[in-house]
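Chains here go by letter, A, B, C and D, matching the order in which they are written, and residues are numbered from 1 within each.
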Amino acid sequence: MVRVVVLGQGYVASIFASGLEKIKSGELGYYGVPLANELPVKVEDVEIVGSYDVDSSKVGRDLYEVVRLYDGNAPESLRSVVIRKGVHLGSLRNLPIQATGLDDEMTLSEAVERLVSEWKELKPDVFVNVCTTEAFVPFESREELEKAIAENRKERLTATQLYVYAAAKYAKEVGGAAFVNAIPTLIANDPVYVELARESNLVVFGDDGATGATPLTADILSHLAQRNRYVLDVAQFNIGGNQDFLALTDKERNKSKEFTKSSIVEDLLGYNAPHYIKPTGFLEPLDDKKFIAMHIEYISFNGAHDEIVITGRINDSPALAGLLVDLVRLGKIAVERREFGTVYDVNAFYMKNPGPREAKNIPRIIAHEKVRMWAGLKPRWL
Amino acid sequence: MVRVVVLGQGYVASIFASGLEKIKSGELGYYGVPLANELPVKVEDVEIVGSYDVDSSKVGRDLYEVVRLYDGNAPESLRSVVIRKGVHLGSLRNLPIQATGLDDEMTLSEAVERLVSEWKELKPDVFVNVCTTEAFVPFESREELEKAIAENRKERLTATQLYVYAAAKYAKEVGGAAFVNAIPTLIANDPVYVELARESNLVVFGDDGATGATPLTADILSHLAQRNRYVLDVAQFNIGGNQDFLALTDKERNKSKEFTKSSIVEDLLGYNAPHYIKPTGFLEPLDDKKFIAMHIEYISFNGAHDEIVITGRINDSPALAGLLVDLVRLGKIAVERREFGTVYDVNAFYMKNPGPREAKNIPRIIAHEKVRMWAGLKPRWL
Amino acid sequence: MVRVVVLGQGYVASIFASGLEKIKSGELGYYGVPLANELPVKVEDVEIVGSYDVDSSKVGRDLYEVVRLYDGNAPESLRSVVIRKGVHLGSLRNLPIQATGLDDEMTLSEAVERLVSEWKELKPDVFVNVCTTEAFVPFESREELEKAIAENRKERLTATQLYVYAAAKYAKEVGGAAFVNAIPTLIANDPVYVELARESNLVVFGDDGATGATPLTADILSHLAQRNRYVLDVAQFNIGGNQDFLALTDKERNKSKEFTKSSIVEDLLGYNAPHYIKPTGFLEPLDDKKFIAMHIEYISFNGAHDEIVITGRINDSPALAGLLVDLVRLGKIAVERREFGTVYDVNAFYMKNPGPREAKNIPRIIAHEKVRMWAGLKPRWL
Amino acid sequence: MVRVVVLGQGYVASIFASGLEKIKSGELGYYGVPLANELPVKVEDVEIVGSYDVDSSKVGRDLYEVVRLYDGNAPESLRSVVIRKGVHLGSLRNLPIQATGLDDEMTLSEAVERLVSEWKELKPDVFVNVCTTEAFVPFESREELEKAIAENRKERLTATQLYVYAAAKYAKEVGGAAFVNAIPTLIANDPVYVELARESNLVVFGDDGATGATPLTADILSHLAQRNRYVLDVAQFNIGGNQDFLALTDKERNKSKEFTKSSIVEDLLGYNAPHYIKPTGFLEPLDDKKFIAMHIEYISFNGAHDEIVITGRINDSPALAGLLVDLVRLGKIAVERREFGTVYDVNAFYMKNPGPREAKNIPRIIAHEKVRMWAGLKPRWL
């Protein structure tokens, strides 16, 4: 069994919970789960044992009631889990949500203790972090991180940064755990955290789940690179109506994207073609089904000038939720193999910003074969 | 040096000739040539030593005069080659072109003798076949093929089928040659021809150069397959204004596509998703720059329904011409290695319908790494 | 009240019936009905009193059972109408449907008598023709038409051509009726039929309901024309999965499109820009929701070269069904005003091929204002 | 003759000058000029007699040298005009341009005097304002405007606001002139300026030339409105590489768009469908040829859900430059008719934000017919 604790019971976590139950009940197939049921750890073995949130309208309610807000067909079997209070550390600032968190009631050190103690009861194998996108600043050193917690500097840490710290403490005590960081906050790309994970029997996968147009852009750029076409420019927009897009209209949060290596274009093409790749707007009626548009211009043989345009309507949360079904199982496998720290072969396929920091993007189609091999499966086409 | 004889001096062959000269003169970089100048055989080593056509307005003129019809910037250095008379065997039927061919003046056996004898003077290493799309019927056996030639059954063979036969004869006599079949007529997928090639010291690469939307579709389908998304349907149109599109409006020619394994969808997805993938129309002002449109619907996690649309303006001939710059060099390498018959590792990346017959399509992004390895280059991402 | 008889109880007729009932019950608003409820004849006044089909699996069943095949939410109130047997005259040839028709049992003259006699009981004000697209040949003269019927030449007439003849007979006897021809068979564009209508107290609206991409193309071309941009070419594809697309894969039917004035491009631009505007393929999973793609290139000021591409997913049948809600009411109004023959001011907005034959296409946005004025409504923007 | 003074010799003004000369020399037709040469005032009658800019690298150079920066085929005939120094009032703030202006050397009142005196020599009939998009604040009253000038409050006015003031003074003295405001600064929508114009024998056309995707969006929304389709949402992006896009990345300037009535959606649909309509990004290699993408979702009959997507590559400056060729001629006509103040019938077709303030947007296709009628031409389709 894979015991999972979810951090941030929003759209993605709710679709994850709902889809998982529907697969178990036989109502749905494995669509959208990259490795389907090929892994030795089965989809049916995954169990959500705990869920944390900081929206005061969610804390204390059962999972079914919350999931139902996002999926009209939520299964009743979700009733058994009750949403617990996590930490917010200002992560809901500027969003139309009433936040409540352990950090409102106690110091950061106390909050860490509380979480670790709850987890020792819940016994998760894997944590899945799907909090709202945060405005974060990476840490320079372990000392800086530990000092910020000790001094209760709530404005210095984000919820994610505290959760990973607590997860490391928990992993050290229980002998091993995995933390899947599906949001942009740098964890698998932050040497301080990777080092902390390695020393604490923690596996971290991250950062920023590879959904939306970015992985498709990656494969299309790889396609062009392999034909030695010279890319003149790339423009990519997204517009959506879920809370993640609303959060991104917040300037502070957007700025934190600066710490992200946006080197996907350079990694794949071998040169930094001019590009504009951004989530662009919030338009509520689109809800979770975002509209994407991408334009690529390039030079082909004999100086010919070509253009391609990709547009799409893509359900944002299911795309990520499907990846999580693999990631929690791969996390369990990594823990069993004691591959603590981070695992590039997993990150390269599943993450927009695959850690560790010095790692590069590779074509997703190749990354997929690599993660299969890492997981002990036969490659499909290699 | 790689000595090249071109069969069919139309748009593709003209862009190939023009671009090659411009690369040699330093006017252009290697854009659109997948392996750029990484191979031991250099782009600068490629030389067009002969060219055949059956358009009476082209035969007898020099290459510069013909290339200029397709590329206003044709280099003067092309003056040294004069277009020779090939065989047409009805291949220009229903096109607004006055055909003239050796087959109008002599029997098929005599035409073969004539070609072989000319080639023994021209000493090509590689033939590049870029004739107009033909209405062909594959041969059941070597006997059937040889009998048809012996009996001078001009309605039974296409120009390509006769050219390969002659090329095999030539290869046998001189010790080795390569034939790049860039059009849909089945050669590398026809066991009769592959066997003939193997016995005659001929390498055949084929069939149907992988340009246009198809390889991109292949990589996008691979992308979806790797995420286990369930493809509901695929629609793909092309509309263009060059002679190839005009030829495809001819019902007979289109029918010959029936012999093509259109299994790309099934090969890559693992099931035969309903699809409509066709060149659709001729619209003259589009000229060589075709308009493509593709629509794909699929099911993602938790039953979510996504759609992507790709549109593009793509120069048809340069895309194929750039591939030819690799293929003639790879042909030379294969001859040197004496890998007679056909070479799947080359075909898988460069051909729409990669021979041999029993071979399957694989993602192009992976095929690219394989051809690099076959050619002795380091893979880029594996 | 507007009493309506439907000819051809397929997708469009079923959505028409279903939507109408849902509007009456207050379940739906007037969306998709161009004139909403502004006309003196109210949407709630429209009543389907009869329906004809030739699919043996439909004839004799009640309307609810048939509508349910196309709309899962069909209202039970449709139970009261039973599908009657019409004429097929080969119209289902090559389609996977078992046809049954009055013409299998009696001569054409007898079938006309039978229909007129049934209609005198049903007392329709308006006929709506939404039969499957037919392979037709227009008539040269009234004599030719009447002779073909008298001589029982079943291969000479299509179902539509016979239905209009019968409707004219009925209208003459009862003093007035309207016939809405929503399919491509030329009726309002055929002087023989318009003359017959005029003499018989029949109003005909037609031909070919203006749905799908064509009216949008019309307005976009008008937009370009008004800025004096020079259109270089227009390519437009449709691919769908309903029976109408299946029927169009049939060469014979497609050929009948030749009689259509495809002069929309010339009418609106003032010159015949090269264009390729066609339904292109059948792809079953698309069902009634077709995929359209359109590409337009033009020259702007100072020789600048611009391009626009429009793609869409459009429900085919509701688009036409919504127009029918107006057309039956306008038909009733025309009969009341005794405007027998055909009415260009109505056709220009609602029809792809607006009759009479000598009439031209105008921008739909202007045609809309004209039909409002014809109907006695205030223009919206003029 | 129409004597024109241009304010802001950037991309648009340069294409305007270049295209005009090429039309005169017979090199180009009237493409992109909506009224072609139908007006009594001929295109050949338009003459650029003066040009102002504040880019220190342009002031003092001749028009040919500047136009050549934007159009490689600039005609030599442009040599006779020399760029004069205008006012900048901070309008180039945050742009990579060295500004120089009369306002650096003298008070605002003195600058107005200087301009009026120069214009009395140049004798323009029409001013064309194509300055860089400005961060402006409208004036509450004439007093406030005049006081700001008298007190030399350079931070209070934009270049445009000062230019119109000077143009009004000039018009009053010479008996009449027209001012075409092709940028977003509110002039024709500002009652203070319209009143000033009326009293000063000045015609103002404005505001913000209707180019790019907006007029197309307007006609497409009209198309949907006329079919009573219920628009759920509209998303529209633009990304370009010219200086106008660079300027829009500046937050301050963007904020000034707040004063714009973005009521196009509500004006045409009759309700305020949720929308996100914005220029979105700067991507230098796109240069003047911007990429647009638009997504519209709507409800059709029987509750059907449709979507359309429009993408395009559109040359930004020629689209506006072509409109200017009409606008200067219409300005001359308005002055001759003494229709001082502003003219809605002109603005409604040519402007994104048609003044006066209380006016609404109407479908462009109808606006076109109205401006034809205003200009004394026959409508094309009414």
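One rule holds for everything that comes next: a contact is a pair of C-beta atoms (placed from the backbone, for glycine too) under 8 Å apart; a residue touches a chain by one contact, two chains touch by 3 or more.
Here the structure is a predicted model, which is why all the values come from computation and not from measurement.
Ranked by distance of CA centroids from chain A, the top chain is C.
Chain centres here are Cα means. That of chain B falls 46 Å from that of chain C.
Per-chain Cα centroids separate chain C from chain D by 44 Å. Centroids of chain A and chain C (each the mean of its C-alpha atoms) stand 52 Å apart.
In chain C, the residues touching two or more other chains are 307, 309, 311, 313. Pairwise chain contacts present here: A-B, A-D, B-C, C-D [touch as defined]. In the complex of the two chains, the chain A residues touching chain D come out as 232-233, 235, 237, 239, 274-276, 278, 280-286, 291, 293, 295, 297, 307, 309, 311, 313. Residues 15, 18-19, 22, 28-36, 71, 215-216, 219-220, 222-223, 226-230, 299-315, 318-319, 321-323, 325, 362-366, 368-369, 380-382 of chain D are the ones that touch chain C when the two sit in their complex.
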